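Dropping the structures in below, format is C-alpha cells.
In the two complexes that follow, subunit A is the common piece, with subunit B as its partner first and subunit C second.
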Partner chain A sequence: MFNRTILATLAGVIMLAVAPLAQAVEIKHDLGTTEVPDEPKRIVVLEYSFVDSLAAVGVAPVGIADDDTRESIVPAYTAVIGDDWKSVGTRKSPSLEVIASLQPDLIIADTSRHEAIYGALSEIAPTIAFDSLTGTYQVALEAAKTIAHAVGKDAEMEARLAEHTTKMEGFKAAIGDVSAWSAQFIVDNGEGIFLHSPVSYNGSLLSWFGFKNNMTTPDGHTYEEAIVKTSLEQLSEINPQVIIRGKYADPGLTDSWVGQPLYDNVEAVKTGNLFDVNAHEWSRLRGVIASEVSGANLVEIVKNLKK
Partner chain B sequence: MPVAIRFALLAAAVLIAALLSLTIGQRSDVGIGNVLQLLFVDDGSLARSAVVDLRLPRTLIAGLIGINLGLAGLALQAVTRNPLASESVLGINQGAALGVALALVFPALMIGNLDTMAIIGAVLAGAVTFGIAGGLGGRLDSMRLILAGVTVGAFSFAFVRFTFTLEDNLSRLVLSWTSADISAARFDQALPLVFWAAGGLTVSTFMAHSFNILALGDGASQGLGVDPRRMRFIGAMLAAVLTGASVAAAGPVMFVGLVIPHLCRLWFGSNHRLLVPAVALGGAGLVLSADVVSKLVRFPYETPLGVICALIGAPYFLYATLRARHMA
Partner chain C sequence: MSAVVHAPARPRSRLRGLVLIAVLAVLVIAAALWSLSVGAVPIPTQTIINTLFNLDGEQQTYIIMKSRLPRMVLALLAGAALALSGAIIQAVIRNPLASPNIIGINSGAALFALVLVLVFPDIPQVWMPLAACIGGLVAAAFVMVVAHYRNLSAIHLALIGVAVGFVFEAGVDYLLIVSNDSESSAPMIWLTGSLWGRTWAHVAVSWLPLVVLSAVALLLSYRLDLIALGEATATGIGLNVPRQRLLLLLVATLLASVSVAVVGVMGFIGLMAPHIARRLVGGSHRLMLPVAALVGMLLVVLADGIGRAIAPPIEVSAGILAALIGAPFFIYIMLTTTSEQDS
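This part shows the complex of A and B:
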C-alpha cells in the first residue's frame, strides 16, 4: 500500500517533469531530426514554398526571405498571412542577424540552399529543412504535410490537402488526356534559357497532369540537373510540342530568335503552341497553393492548344 | 624546322580546331562529313541553320577572342619585360568584368553599351595596376607589378562575386557571363570583334620592331630611338582595349594571354615580328580547342568556355611561375 503511494507519487512527479518535453514535436527532415516546440508562434521561412505551406493552413510567419522584394509574396499568400512580416533578405543569403532579431521559435530552410548555414540557423532556433529548390511536386506536398505537423495544424492541412486533391483532379479532368503531347516549361531571362527538367518541380507537375517530356531524365537532383541552361540548338533537338514560357526580361532571348529557322521550326513555335505564364509564379513558387495556380493556367493553355 | 612550315602547321591546327568547333554540337544531323557542305551550300535544312546561325558565330567569337587575348598578353609581356604579365595576372580581365557587372547591377551607371563599360573597366584596372607598380614613366618593378595586378584583380572580382549573392536572376546572369558562356553567341557580337582583332593585329605588327628593341632595356631602347614610356603606354592601352572588347563579347577568359605568348616563344624564338602572327594563330587555336572541349565535357549540355580555359591555363601558370627565376 505504502509502496504503491510512493510509486504513484513518483510517477506523478516524473510525469510533471517530462510534461514540458512531451509538448515538443519531433520532426524528421532532410538535415536531421529536430525538436520543435509545440505550436511555434514566431516562424521564419527561407523559401517561398514554405510561405505557401503556412498560408495553406492559415499560419502567418514573422520573417520571410523575400529576396528584398515584398511583392514577391503574391496576393494569394498575403490574403492569408497579411503584411505583418519582416523581410530577412534574399533566399540565397538571408541575414542571420535579422533572423535572430525576430526571436523565432522555428526556422524553415531549404535543404540545398541553406545546408551550409544550417548550424548557424539551429543556434538561433530549431530549424527544419526541406528540398524546395530542387524537389518535385510530390516532395513539396510531403514537405507541406510535415510543416503543418510541426506547427500543430495537422487537421487543417488534411482538410486543405483534400480540397487540393479535388481541385487538382478537377483540373486534370478538364485538361483531359495529354499523353500524346510533350510539354516543356522554360525560363527566359534575356541572356539565356533554362529548361525545367523532368526531375524539377515544374517538370514533375507537368508529368502529373499527364504531359510527356522530351528531355532526358537526369540521374540526380542537383540544381543544374533540375534547371538546365540550354542553347537554341539543344532546344531544337528536344523539340517540345508545347512550350510554357516564363520571361524575366522583355524582350527575352527567345524573342531575338524569332526568324531563325532553328527556332521557328521548334514544334511548339511552328504550331503556335508557345504560351506565356507568369515567370515568378511558375519558376519560384511551389506548393499546395502555387500548384493550383499552375493547374488553372494549364487548363487555359490546353483550351487554346492548336492541334 | 623552317619558319614557314611551323606557321603552316600552326595554321592547320587552327583550321582543324575551327572545323571541329563547327562540327561538334547537340544536333545529330551535322557531322564531319557534311559540315563543309552545310557551311557553304544553303540547302534550307535545319542542320545548315544550326551550323551557320548558331555555331559559326561562336566559332568566330572563340577564334577572335583567342587572337585578341593572345596579342594583349604578348604586348603586356613585351612592354613590362615580365614573363608573368598578362591580362588576367595584371587585373585587366577582372577590371573589364567589374565594368560589365556594374552595368548589369546598376543600369543607371551604363556608359554607352557593355563593350564600352568593359573597355573602361579594363583601362582603369590597367591604369591602377601600372600606377601602383611605378607608373608608365619610371622603372616598372616586376614584383610590384604582379602584386598590384593581383590586388586590382582581387578587388574587382570581389565585387563581381558580391553580385552572386544578389537576387537569383541577376546573379545567374552575372555568373553565366563571368564563366564566359558563349553558347548563345550571335553574329552581331562577333562583328565588332573582327574589327578589334584586325586593329590589334595591325598595331601589334607595327609595334613588333619596337617590342624587340624594348627587350634590350629602357636605356638601350632610348638610345635606339624608341621611347619606352610611349611604348609602355601604347602597349598597355592596346592590351586593355583588346581585353575589354573580348570580355564584353564573351566574358573574362583567363590565362590565354599568359600561356600563348610563352608557348610561341618556345617555338618561334623571341623575335616579335614572328611572334605577333604566331601568337594570333596560337590564341585562336587554343580558344577554339577550348570551345570544342566545352561542348564535350558534359554532352549534350555545355560547360562554359571560361571554365575550360582556366583548367588549361592554371596549371600552366604554376609551371611558368616555377620556371621564372628572375622575378624581382
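This part shows the complex of A and C:
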C-alpha cells in the first residue's frame, strides 16, 4: 500500500517534470543552453551558414541578415526557402527592431559576431549561437545537426547528411590523391589578401579533400588565426602549389602584382595553377550545401591542374 | 582663457536663462518622443501611445519598451553626463579646447575595451563596458595624480593629459592594425559611439552613477565659477584650488568613463555641448552647467534617432552623426563668439 503511494507520487513527479519538456527542446550551444519551442515556425538567422542548414532540411526562415543584399542568398538556397523572407540588415549589426517585428520563435546567431547582443536577442526570442565565422567544416556540419534538432528535423538532416557524405566522397574520389599538392584559398578584396588558414572553414575543407597546406597551423580559433591578412612577401614564403582565389574586386590586388618577380615566382602562379572561384560562395557561405558547391568546383580545378 | 571668464549673471539674464532652460527642456522632451517613433520598423503614433500607457489596441511592446525606450534613456543620461564632464574639464583646465578627451578618458577606455575583445577573446563581451570604464579611469587617474602630486598648473595638466591620450591612442591604432578583425563588430561599432543593441540591462548598471554624479556636478558648479576667476584669485578667497580641481576632475572623469562604457566613444559631445551652452547663457556655471546638460541630451537623442531613420535597417552610429551634424553648427557658434570676444 505504502509503496504504491510512493510509486504514484513518483510517477506524478516524473510526469510533471517531463510535461514541459514535451513542449520544448533543450539546445546546448556556444553561448549556453536554451529552451527552444517545439518545431519553431518563425526563425530568424544572422549568418549565411544557418540559411544553409535550414535549406538543407527544407525549412524557410522568416528573416535573414543578408547584408542588405538579397542576391547574397544564392539560388541554391532560394530554390528551397523561396523569397518570402525579410532582410534584418547586416550580419555585423542586424536591426533588433526588424527582428522583433518578425515575432520569431527562434533566432540563430553567430558566436563571436553576436555575443555582445546575445542578451538583447534573447529578450526577443530563444537564441542559439554557433561558430560560423571562425568554425571549420566539421564545426559547420555539427551546427547543422544541432540546428536541425532545434527545428525538429532530425530525420531529414540525417538523410540529407547521408546524401551529403555520398556526394562529398564522390568528389573526393574524382579528385584523387592530392596529398602531394599544397593548396591555399585566398580572398582578394582589392586592398589586401586574406589567407584562409588550416583552422578556417575553407582550410579544413581543403584538408578534408586531402590537400596539403603550407601555412603553419595556429593554436587557437580566433578570427585572425582563421583569416590571415597576408603580404606579398608572406605569400611567396608560404609558396602554395595551388591557389584558389576569390576576388571581391576586379582588378584585385594580386592582379597588380603580376610582373613582380616575387609574385610571378610563387609556385602556383609560375605553373599556372591559380584558379578563380566565386568569392561570395567560397568565403562567406558555409555548410552542407555550400561545401558541395565547393567540392564540385574543386573537381573542376583538379581536372585543369598543370602537373 | 578669457572664454570662460564672464561677469556674474545679472537678474535679467538670469530670467533669460531660466526661460532658456525651460525651452531646452521642452525641446529635449520633444526630441525624445520623436526618437521613440523612428527606426527600422515604422510604428503609428497611436500604437506608440498604446504601448507606452498600456492602453487597449495594438501595441509594440518589444520595439518600444525594450528597444527604443532604453536607448532613449541611455541617450539622455549619456548626453547629459558627457556635456557636464566636458564643461567641468574646460573650466578646471581653463582651456576652451578641453573635453573628456584631453585627460585621456576616451582613448583609455577605447584601449581597454579593445584589449579585452581582441587580446582576450575568451572573456565574455559583457565585460567590455567595465573594461572601458576602468581604462578611462586609469588614464585620467594617471594624469590627475601626476598633476596633483607635482602641483602642476592647469596648462601642464592639459599637456600631460594630451600626451597620455596619445599613448593610449597609439595603443588603439596598434591593435587595429595588427588585427584584421573587422568582422567581429561590437568593438568597432562601439568605438564610433553607438546605442545599437543597448537594453535595460545597460540602463540598470549606469543610471544610478550617472544621476548621482550629474547632481554632484550641478552642486559643485559654484566652485567652477571661483576657479574660473584664476588660480591666484581663487586661492586668495580661500579656495584650496588643487584639492577642488582634483575633486571636480574626479567627478568629470567618472561621468565620462561611465558614459563611454555604455554608449562608446562619443568624443564630440563633451567639447561641443559646453560651448553651445556658454554661447546661449554665458559663462556663469550655475546656469551654464544645466544648459550644457540639456544641450548634450538633445544632441545625443537626435543623433541616435537620425542614425536609425537615415538608412533602415542599417543604423548609423550616433557618435558619427553627432559630429556630422554638430560640427558645422559648432563652427558657426565659434565664428560668432570669437568676434564678440575680440571686441
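The definition used in the following text is that the second predicted complex is superposed on the first by the 286 of 307 C-alpha atoms of A that agree within 3 Å, B and C clash if a C-alpha of one lies under 4 Å from a C-alpha of the other, contacts with A are read in each partner's own complex, and residues count from 1 in each chain.
Methods note: a contact is a pair of C-beta atoms (placed from the backbone, for glycine too) under 8 Å apart; a residue touches a chain by one contact, two chains touch by 3 or more.
Being a predicted model, the structure only gives us computed values, none of them experimental.
Superposition of the two complexes onto subunit A shows a clash between subunit B and subunit C.
Once the two complexes are laid over each other on the shared chain, residue contacts for A:233 go to subunit B alone; subunit C is not touched.
After overlaying the two complexes on the shared chain, residue contacts for A:68 are found with subunit B and with subunit C alike.
By the document's definition of touching, of the two partners only subunit C reaches A:113; subunit B does not. By the document's definition of touching, neither partner reaches A:146: not subunit B, not subunit C.
Of the two partner chains, subunit C is the only one touched by A:98; subunit B is not.
Shared-chain residue A:124: touches subunit C; no touch with subunit B. When the two complexes are overlaid on their common chain A, residue A:90 makes contact with subunit B and with subunit C alike. In the superposition on chain A, A:241 contacts neither subunit B nor subunit C. Of the two partner chains placed around the shared chain by superposition, subunit C is the only one that A:222 touches, whereas subunit B remains out of contact.
When the two complexes are superposed via chain A, 313-321 is the only one of 187-195, 205-213 or 313-321 in subunit B with C-alpha atoms clashing against subunit C. When the two complexes are laid over each other on chain A, subunit A has residues 68, 90, 92-93, 192, 194, 228-229 in contact with both subunit B and subunit C.
Those residues of subunit C that touch subunit A in the complex are listed here as 39-41, 60, 62-63, 66-68, 121, 124-126, 128, 179-181, 183-186, 189, 196-199, 201, 308, 312-315.
On the subunit A side of its complex with subunit B, the touching residues are 67-69, 90-93, 189-192, 194, 228-234, 236-237, 248, 253, 256, 260-262, 265, 284. The touching residues of subunit B, counted against subunit A in their complex, run 25-28, 44, 46, 49-50, 53-55, 165-169, 171-173, 176-177, 181, 183-184, 186, 300-302. Residues of subunit A touching subunit C in their complex: 68, 87-90, 92-98, 100-101, 112-113, 115-117, 119-120, 123-124, 133, 192, 194, 222-224, 227-229.
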